[in-house]
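In what follows, chain A forms one complex with chain B and a second complex with chain C.
Right, the complex of A and B next:
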């Protein structure tokens, strides 16, 4: 997560969107108001894993964005009326070695924003990749058959799993 | 090493599976139906489903529920029965009763299987004399106006107090609590001459209420493998639910209120609660890690007054919701609180009569709920028909019912110590709620429990009699030669 970043030498290698938001200077009375033309905030709309109602949208957002930031971003920049926002931080999953199962690294944590649109508004996630349609029954059967043969092969050569398949 | 471990794991799993198959044979003997022939060589026949309606439930899962029900019925004591139900630590879906977030009303209706109807039930027209109500309203209106003026006067005089009172905060809630206490106490004192059940009722403040139950239609998050080809989530579609809240004022009596409609006909059986298509987290309802369930009805088990007459709920918290999301969403949030709170209280009362999520109710229980912040009043009448919510609509055709009146203002404003725009209709409805008398039911209220003469409410002598032991001292005899 960008917020847990401490190593300043590596900072310049990071792209702008992954960098930590610079600290807002302390406002003293009479100072001119600081206006940010391009904040580090970003929001990525994602397809929900489970079914959600028409008036809800899900985003992955910059980890430092608060509920108020998300609401302002949508209402001021995109003119989308928002009723309510909830956020949740998800821990990154472990990246494991496939054969041995030990942990190699960890995926980055991410923050998700659940946005409820105002009354009367609705949104449907567009079908961006029409070519990637779900597999037909025939294709699904083939995949299952392949899995089955793979399993059978594993059971047959259970003592030689570490050896490449050509030498078994 | 890892591969060996995996092989070991597979061996252990297949062993466990074979043991499970053997144990299922044992269960056949337990619930077997005897053959017609007396000395038959064949084993007794087991029916596909246990007795009762089960809807689209898998037979194997239905038998499991039946087994759990019989285990619960075998416990003869109320407290032990509740303890057996709540003792196991398990994952719960926790329903927030006072939920500021919008659009959760449908979920709350579904989770309690409640059908909400506008208007109040007919019982208030037939059971309570309308001319007497009008008379009492006219008599008590000035008294209530005075008590409102007195409570508001302090706030009016000390103008600085308003700076502390933000929407839905503690100060505003405390002010409403004081006003409600004054109104309730003065009304119950004045009406007790006319309605004798108010003399024997119990009154309590800030009462904790909690209940637990299971609801059909919510898939479990964890997929547990039972067989190489199928998982628990394929047959299990219910979830243990838990809710706890607090009622600001509670009135209880020794007999239950009369039922509003019949248990087995009309809207109790003829309505279908629309299913929710989305997971609970969409409605902002969290799951908690393993924890024990709780059942609290606001009194110690065995209290002489075990049945609820009325509960008054403070809705000041929803002012914040109205400020943030709008008045429509705040109204829904308040109604959600009323529905959930009524259900939780009645379910907890039913637990103390021996019923629970496994042992379904044989008669309905009713209660009255008032939602108010001192100025805006809404009246709810709730009838709990069933607690067997883990069956689908086909398996259990009963639904719980809730009647809701429109929200109305008791007074418009208080200016210079005088109440303006007093609405006597609200006071009339409040008096009608207090006037509805509890009645003795013609059947046993604890049919699933054996009768015990040693209940605390029947007992007259609480301290056991101490029997004095008479010590006979024998004289020692000395033999003198």
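Right, the complex of A and C next:
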């Protein structure tokens, strides 16, 4: 038992995006500049809650990411010119039960990055469901359609409603 | 002769690539190998490189065709064996492709959830993460092999058991530091050489508690064995 537990000690239980980034090597004066060859950082673009200027974009980023990291990430990986980056850490809100008001759980803390694009670049957050309606709307339509056909069926076979549908 | 064959091969290769690849493999020792291999190489689809188009910030979103779709088809993650035969620069490029893909999926998932929808095929995130982890393990293997060749050690810093300020044994992984630990005064606050006499009493009590617990467990196991043998005598020497 104990030996098997020992083997499990090194098992990685967290998904990669939740893990801490690996330690940077210790830097001493005169060493070459540290370079990230394989960054573990992630960023996700989020829709701004308020109206913002055209050249601003908002991201939720890896909690260990610094302002310089965000700037380098966008410039080197995505080839987007960046003028300025600011970050802010938000505490997750409490999820309360509506009826009694006690706290059930807490939302995740997150770091948000406010990016200002350079060189007159602008970006508008696209509307994903402009042309193709989302799946739930389609399903709701189907349910309505089924209900309508059921009513029509009832009207048609008003005298045989007690008999199962297969025998009508 | 060679010219005629080349034109013939070119005409076949227009029809299908696979047959030419097969032909070139078949005639490896013939004198016409060069003319054949050049033609086949030009026609092989695996050597046709295309870089992904750069869309700037729109790379954070899926292609427009998949917006609002119910199902999005995707392949399987990269396997370890496939990654082992790739060189380092290819793995480096693939890492960034996967990084962008994961960012895209996170963005889409967040936006879908904001619109109270579900992301189609969310297992894509796990697939990308699996291939990323496979790349990490392959690179670790290469690092270890390189270190073993160069220094005879794997390069793993390892760890050691130390006594902490409570006087309890604790495993500690070795990490890089600017000064050795015996020159660091904060290290001796956490891991002092000698534990104070006040804590010694409690260590003794803690050890006693552990000892008692262990004995209680052993006794309960012994009693259980005894009871089992009373019930099932044929288990006499087997337990």
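Everything that follows uses one rule, which is that the second predicted complex is superposed on the first by the 106 of 168 C-alpha atoms of A that agree within 3 Å, B and C clash if a C-alpha of one lies under 4 Å from a C-alpha of the other, contacts with A are read in each partner's own complex, and residues count from 1 in each chain.
The rule we apply is simple: contacts are C-beta pairs under 8 Å (C-beta built on N, C-alpha and C of every residue); 3 or more make two chains touch, one makes a residue touch a chain.
Note that this is a predicted model, so its numbers are computed, not measured.
Asker: With the two complexes superposed on chain A, say which partner A:37 touches: chain B (first), chain C (second), both, or neither.
Answerer: Second partner only.
Asker: Looking at the overlay, does A:23 come into contact with chain B only (first), chain C only (second), both, or neither?
Answerer: Touch partner of A:23: chain C, not chain B.
Asker: On the A-aligned overlay, A:46 touches which partner chain: chain B = first, chain C = second, or both, or neither?
Answerer: In the superposed model, A:46 contacts chain C only, not chain B.
Asker: After superposition on the shared chain, which partner residues are touched by A:164: those of chain B (first), chain C (second), both, or neither?
Answerer: Touch status of A:164: no partner.
Asker: Which partner reaches more residues of chain A, chain B or chain C?
Answerer: C
Asker: Determine, under the contact definition given at the top, whether A:128 touches first (chain B), second (chain C), both, or neither.
Answerer: Second partner only.
Asker: Per the contact definition in the header, classify A:56: touching chain B only (first), chain C only (second), both, or neither.
Answerer: Only chain B; A:56 stays clear of chain C.
Asker: Going by the contact rule set out at the top, does A:136 touch chain B (first), chain C (second), both, or neither?
Answerer: Only chain C is touched by A:136; chain B is not.
Asker: So which bits of chain A does chain B touch that chain C touches too?
Answerer: Dual-contact residues (chain A): none.
Asker: Of all residues in chain C, which touch chain A in the complex?
Answerer: That would be residues 54, 56-61, 67-70, 92, 95-96, 99-100, 102-103, 106-112, 114-118, 120, 126, 129, 132-133, 135-136, 139, 175-178 of chain C.
Asker: Any idea which chain A residues touch chain B in the complex?
Answerer: My answer: residues 50-53, 55-56, 83-84, 86, 99-101, 116, 119, 158, 161-162.
Asker: Can you list the chain A residues touching chain C in their complex?
Answerer: Those in contact with chain C are residues 15-17, 23, 25-26, 28, 37-39, 42-47, 57, 60, 77-80, 121, 123, 126, 128-129, 131-136, 138.
Asker: Touching chain A in the complex: which residues of chain B?
Answerer: 2-3, 7, 101-103, 277-279, 282, 284, 325, 328-329
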